[in-house]
Amino acid sequence: MIIPALEYYLVLGAALFIIGLLGVLVRRNLLIVFMSIELILLGANVTFVGFAVALNNMLGQAFVIFSLTVAAAEAAVGLAIIVALSRHRDTLNVDEIDTLKG
Amino acid sequence: MTELVIAVIVKSLIAFAIPLLVVPPLIWGERRILGRIQSRIGPNRVGPFGAFQTLADAVKLLGKEDMIPAGADRALFILAPFLLFVPSFMAWSVVPIGTELHIFGRVIGLYPTDLNVGLLYILALTSVSVYGIVMAGWASNSKYALLGSLRSSAQMISYEIMLGLALVGVVVLAGSLSLPEIVRQQQVPYAIPLIIGTFVFVCAALAETNRAPFDLPEAETELVSGYHVEYSGWRFSFFFLAEYANMLLASFLVSAVFLGGGWPAQFLEPYIGHLWATLLALFFMVSKVFLFLFFYFWLRATLPRFRYDQMMNFCWKVLLPLGLLNLAVATVLKLTVYA
Amino acid sequence: MVQVAWLIPALPLIAFAINGALGRTYLKKRTGIIANAGVLGALVVSVLLFVAQLDHAEPETVSLWTWAVSGDFALDIVLRVDALTLVMLLVVTSVSFMVHVYSIGYMDNDPGFWRFFTYLPLFVFAMIMLVMANNLLVLFVFWEAVGLCSYLLIGFWFERQSASAAAVKAFLTNRIGDVGFLIGLLLIWHVFGTLNYDEIFSLAPVVEAARPGILTLICLMLFVGAMGKSAQFPLHVWLPDAMEGPTPVSALIHAATMVTAGVYMVARFNPLYVLSSTAMTVVALVGAFTALFAATIGLTQNDIKRVLAYSTVSQLGLMFMALGVGAFTAAIFHLATHAFFKGLLFLGSGSVIHGTDEEQDMQRMGGLFGKMPVTGATYIIGGLALSGIIPLAGFWSKDELLGATLLSGDLGYLLFVLGALASLLTAVYTFRMIFLTFFGKTRMAAERFSHVHESPRVMTVPLIVLAVGAVGAGFVGVPPEHGLIHNYLHDTFLAAEFAGLVHVPSTVFVLALMAVSTVIALLGILVAYGIFMRRSPAPESVAGLAPPLHALLVNKYYLDDFYDAVLAGGTRTAGGLFAWFDLNIVDGVVNLIGLVVRGVGGGLRRMQTGRLENYAFSVALGTALVLAFYIMMAR
Amino acid sequence: MNSETLLSLIFAYLALACVAFAVLVIMLRNPVQCALALVGVVFHLAGIFILLRAEFLAAAHIIIYAGAIIVLFLFTMMLLNLGVVERARQFHVQAPLAIVVGAILFLEFVVLTGATITVGAQGAHSPAWVAGQGGNVQALGQVLFRDYLLPFEIASVLLTAAVVGAIVLAKQKPRRPRSSSQMGVGEWMAERYEKAKTREQDPAEPR
């Protein structure tokens, strides 16, 4: 029914997720960190749709719509924060934004 | 299987050929018509009535030196024109020229494909073409190009929303995203019940194709072009080609979605037979496209250019409310007349 | 007809809401009109209801909505309309309306005008709901609401230290009584399993039979609440201080609302009280003692409003005395007449204060009658009514009340003597006040005396209306024991009749008592005349007759000082002890914990780099570990 | 070549391209190039969705991600001055460790995918049902606007809130007067002169 098998889609989703995660962990540029978060969401979306088709359940696809909403909201607010931050601190380097330090 | 493949290949070739073949005469036509409206002659040297002027221009452009500015991001600079050009050709794969033709015992759809998300497909491609502009401006490593690309991409993003909003009304009435289905659904062209939506769509289409009075990205007389100021030669001709292809696409879309495609040829089918009715529908469709193209040129010759803030205000403060109003009208109609 | 009963509380509430929302910014002076309209509406509806219910005094209820449901307990907002409620409603709304009209003139120049007319209808609303409640919990809620409103109004001029102190004092003193009330409420809930009036009343004999003594406890606890609200000894101390509020507020508190709540509540719960002779005796004794006690203090006060305040305490004592001997009708009758003439006297004194440019000390008044004829005339009518001169309102109710006391048995003689003495003193201090204020040679500076003026019509008209009430209100109780009010309230206080507490006096007895009452009142007036008119200016010389006694009375039996020293001082000492304990022992422990945590945290904070990606990394690491664990376990 | 092999080949291409572009996203130095690589990911992902017959989501992904979100990224980059950032060191100290943990996580995912995930109960939305509704879009619309209408509305509220929040956050605050320590000498002198002049004109103010 689903070609190729569901597992391939899941592995693809996992790969995108992990690459996104690594981007978050590794990169120092805040913008790229945000893009990596989008990668994570994309990986989740693949998994959702894969399961939705394999299980004949539309909810998976409906959920991707919500995931898209969240991604859009996150991008809007996140980029606004980035703009405010770069105005305020003159940097987008994650290393230099450590005011939370204990 | 083989027949299917052949049909697909033929249709693809036609879809690819239409813009390529129509654009040169279109440019010539525009210059002649502009000339007439402005009481001058227009191109008249190359060929009869200057009909080969565009070809001569193309040869000239192709012969020019291919320049890439120093400090430019080479890869992106080269990629940018294609990114603008390719989506506008890809969109042709769902544009219906007519409906079905029953001939030789088989059914041939007069459209490359009947995609069930055809309208979304077109909108998606429209949104991609922004990248061509953004990248062209950014990769040029020139502040004029960058500012120009910022302006035009902001314009395109804004008007894209209005484009989609106007189409939502149509989708509500037709109950489908497939373009042939939308054409088939129109007993009365949607331009009549959705007059507001038609207005919004036409305005948004003008802005999306960077045509007057929304041609701020080029603004030849004021800004010395915008995002493509650093391009020359055949790379520049791609921008040119893409713009006219987009224009043609917009004309086809308006004709198909709002003006009913071959309407009212389908009502004549019982009297003149299927074949003739289909041909007549084709004729109507093409006439509408050319009428709309003429409208394009006419506007360019008549209207002054918007200022940037006026353009943005027009989008968000006029078109957006109108688009929402259109949606409301469509919903009410769907619940009453079209129920 | 009874279905419109919800309008009575709703109209003042609406007035409150409008004034509260728009008064400050938009309505300003127009708040007065809105408040008046609201209360007038309540008055009109009350009168209509009264007339409609004149024939049948069956209690009726109007269910509005269910307020809260918790388990099998549902608290319904139900309005009760019966004879007692209607009488109270008439008194409350009519006197309140007069006060409202009067206030427009009295508060005219006050910057807090809109605030005043926001609180006032709220006060009336709370009192109306208190009276109309059909449920002890609703009664308690609005009992507290009345307390809150009195707090707001007594402290209306909160910029003044004494006013805010008086407000706090009133509130706190009431709280003491409310604790008793709350205990009574909970006891009722515990014993009866319901808070609904009718269910309580019908269950009362069963409960008394099953658990003898519990009713006495309940009644006494409720009475503690009544003592607080109605200013009975020893919780009376807040009422005289409540004079710090604007005078219309005093009139409202003393005549129509607030203090009558206690009397009303005891009368409302008469089916419970009649079953407990102990509680009845306590009520009667406290009432009689308070009556005499407050009257003696009233003799020596120089502040015109304070005299009236102690007078109120004294009269309330008489009402409780009547309640205690089972003469519920007489008590409510006196409550009604008292509302009129006490409201009149307060508004009159307000008029005097207004006219003399904020003078409250009677020693610096005198001879004002010529300057303020309307105020003076109505004031004298009020004074006569308070003293109990035939045929004014006070005479009929007080006479009946004393008669019922005399007939109530052995203890009745003692109570009668106390009551009669209180009446005598009432006449004395009332006319001492009148003489010192309105007659004799003026003791004001000539400059100020020349500025004394009659109050505007918006203030005098309510005085005249109330004076008419003070004259005529008594006739609803004529002939004694068979008047309109007796018939009207007969069914409500049926329980007293069943308990054998009602003694029908003979005609001879009634006539004789009337004569005695009149003589007592006249005697009091004569004494006052003799001391304060003939030998004016008198206060100092009177004080010279018995200096220690006078000092005792002027200082209100040193009760306030006693409270201050023992209760407040004791609390302060205890507070000091607790403060030491808290500072050294409790804080020491807390600080120790804090120090330990800080030390540990100081070590741990090195892990906080403040870099989000480090944290994200640890999240990823944790996820990896959890998944690894899961995979291991799944094998 | 049967259609199954063809589809598998197409999937292989799309999936590999997705992963390759994703790696580019996190490896490239220039954020603009990263964003374009992300566009590549989204396009190939859309292809994967089409393979899964989720045409609407394919189009929605392109419209929303490529057409809105990434354009927004590009806009932000152009608005901000990125020269400084670009020259700086790009990767964290913790990068090697993170890569190891990421690899472990990925392995764990693969193991879980192959070993423990069993396909669960089949839902009601079979291909036949979807076709009966008139296609993927109609079917999704039925599910979204009938069964999950409230979540959908809430999502729209979330978007509205995000729009408002973004505007508030990114809005340029009115410039506050700078303190004297931030002023140039000339500016400071000029301001002092202005102050002195107004003080002379206004005798009410004490000197």
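A, B, C and D label the chains in the order they appear, each numbered from 1.
In the analysis below, a residue touches a chain if its C-beta (ideal position, glycine included) is under 8 Å from a C-beta of that chain, and two chains touch if they have at least 3 such contacts.
These figures come from a predicted structure and were not determined experimentally.
Novice: So if I look at the partners of chain A and the partners of chain B, which chains show up in both lists?
Specialist: Output, common partners of chain A and chain B: D.
Novice: Quick one: which pair of chains has the most contacts?
Specialist: If you count contacting C-beta pairs, the leading pair is A-D.
Novice: Averaging only over C-alpha atoms, locate the centres of chain C and chain D and give their separation in whole Å.
Specialist: 68
Novice: In whole angstrom, how far does the Cα centroid of chain A sit from the Cα centroid of chain D?
Specialist: Here chain A and chain D have centroids separated by 7 Å.
Novice: How big is the gap, in whole Å, between where the Cα atoms of chain B centre and where those of chain C centre?
Specialist: That pair's centroid distance is 84 Å.
Novice: For chain C, jot down the residues that touch at least 2 other chains.
Specialist: Where chain C meets two or more other chains at a single residue, that happens at 613, 617, 620.
Novice: Where does chain B touch two or more other chains at once, residue-wise?
Specialist: none
Novice: Mark out which residues of chain A touch at least two other chains, giving numbers and ranges.
Specialist: Touching at least two other chains: 21, 25-26, 95.
Novice: In the complex of these two chains, what residues of chain D are touching chain B?
Specialist: On the chain D side, the touching residues are 30, 32-33, 36, 39, 46, 55-56, 58-60, 62-63, 66-68, 71, 74-75, 78, 134-137.
Novice: Within the complex, which stretch of chain C touches chain D?
Specialist: Chain C residues touching chain D: 613-614, 617, 620-621, 623-624, 627-628, 630-631, 634.
Novice: Going by the contact rule at the top, pick out the chain D residues touching chain C in the complex.
Specialist: Chain D residues touching chain C: 92, 94, 97-98, 101-102, 104-105, 108-109, 111-112, 115-116.
Novice: Which of the residues in chain A come into contact with chain C in the complex?
Specialist: 21, 24-26, 33, 94-95, 97-102
Novice: In the complex of these two chains, what residues of chain C are touching chain A?
Specialist: Contacts found on chain C: 604-613, 616-617, 620.
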